[in-house]
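Heads up, the next two complexes both have chain A, just with different partners, chain B and then chain C.
What follows is the complex of A and B.
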């Protein structure tokens, strides 16, 4: 049913934004992690969104899905702190390339996108409800 | 009349596969088919909330959306049923 197809598209948007919030949360949580399993400081992670077609037959709608989560290749922040155990010979520590301010802005954007998907869902639902009212009154 | 009702039902039955029903298929089987589909939607909503309780689903919206779909499908079924009963009563009231 086409109405359900639209609902599924909104649902895919919500799932994607939810995952984005998860990734941002782990970026914020690890903004000070100087050690990871690879031995380097934590690298900021970015979810990659891609379009995918939903539905069969003539009607196709574009949903969204997260194809992969990639690492931000930008250089690490160097902080001068000779007392840190991970400091190099010159006393500099490589900190993760996470900018907490930017992550907060991304968080707001993800939340607003989630809300937008919920709004689209509600509009579709309201349309179905009024379609069921046809011929009643 | 029956043909019109079966058109409405085709909308319901196109939930799953897009099998084109010809009008020679009897009304009872179309109705049964549609009810089965609605039942499926109800069951998947139930399954979603059970999975959420068991921790298999971490996204709350998936559960809510399944429940919404179930509600909509049931309302559509109810609406179709009301129209059929109304038509039946209309015929029964006919003066012979």
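What follows is the complex of A and C.
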């Protein structure tokens, strides 16, 4: 059992949550983008978290990793705006399937999870420091 | 030469460190779909090992070998806390982790005190 591995596990959690915050930011930033390189409106992106095993020894620890960033297949939001250049013949514009409120809630959740990983990291660090103090009077 | 406290405190500290590792894994995977919460079982196993004492009433009985109790990491099987099928309750994890960290602190101070006793003896020679 390696206590420095514990620090890496917490770090993997922080990395994953930070990437999640990046994805949420790009969703919010593109919540009105009607054109992308694929020619469609922007599709909401979702990071897929998965457990992955860390460590060299017999006992492995589960870290976390974002394995893929997938696109939300739900339909686009239709907004009636005949003056918009991207409006179809009926006057409707396909807007990205991003719900800004939902993204904000996700953002707070990601931030809290990040904080939880930081708390875990700090406790591990305090434990290692107190072990280093043994025998120093 | 040294008393048994060293071994006892060392084992307790190892278990606390293993617990910390498991808590960190649970916190990191709090939002991983399908992740099963892990936990360490040690005190129960220790209790169990003390209970089952077979006595040797005859010389020809097989001598009982005292196996050191090892902590085990187990998984919570059928319990999901949230509907994304992750079994981690983050508040519970953090509070348990803090308590565990404090216990470790206590144990490390105990260890220091034990060493100090030997130092007192050695200095007075």
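To be clear about the criterion, the second predicted complex is superposed on the first by the 136 of 137 C-alpha atoms of A that agree within 3 Å, B and C clash if a C-alpha of one lies under 4 Å from a C-alpha of the other, contacts with A are read in each partner's own complex, and residues count from 1 in each chain.
Simple rule for what comes next: contacts are C-beta pairs under 8 Å (C-beta built on N, C-alpha and C of every residue); 3 or more make two chains touch, one makes a residue touch a chain.
What you are looking at is a predicted structure, and each value in this text was computed from that prediction instead of being measured.
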Touching A:97, do we find chain B (first), chain C (second), both, or neither?
-> neither
Identify the partner contact of A:49: answer first if only chain B is touched, second if only chain C is, both if each is, neither if none is.
-> second
Which holds for A:116: it touches chain B only (first), chain C only (second), both, or neither?
-> second
Is A:63 touching the first partner chain B, the second partner chain C, both, or neither of them?
-> second
Have a look at where A:18 lands relative to chain B and chain C in the superposition and call it first, second, both or neither.
-> first
Could you say whether A:4 touches chain B, chain C, both of them, or neither, answering first, second, both or neither?
-> first
In this superposed model, does chain C or chain B come into contact with more residues of chain A?
-> C
The intersection of the chain A residues contacting chain B with those contacting chain C is 1, 3, 10, 121, 135
For chain A, which residues count as touching chain C in their complex?
-> 1, 3, 5-6, 9-10, 12-13, 16, 49-51, 59, 61-64, 109, 112-113, 116-117, 119-121, 123-124, 126-127, 130-131, 133-137
Chain C - residues contacting chain A, complex | 13-14, 16-18, 20-21, 23-25, 27-33, 35, 38, 73, 90, 93-94, 97-98, 100-101, 104-105, 108-109, 111-112, 115-116, 119
The chain A residues in contact with chain B across the complex are 1, 3-4, 7, 10-11, 14-15, 18, 56-57, 118, 121, 125, 128-129, 132, 135
Flag every residue of chain B that touches chain A in the complex, lowest number first.
-> 11-12, 14-15, 18, 59, 61-62, 65, 68-69, 72, 75-76, 79, 83
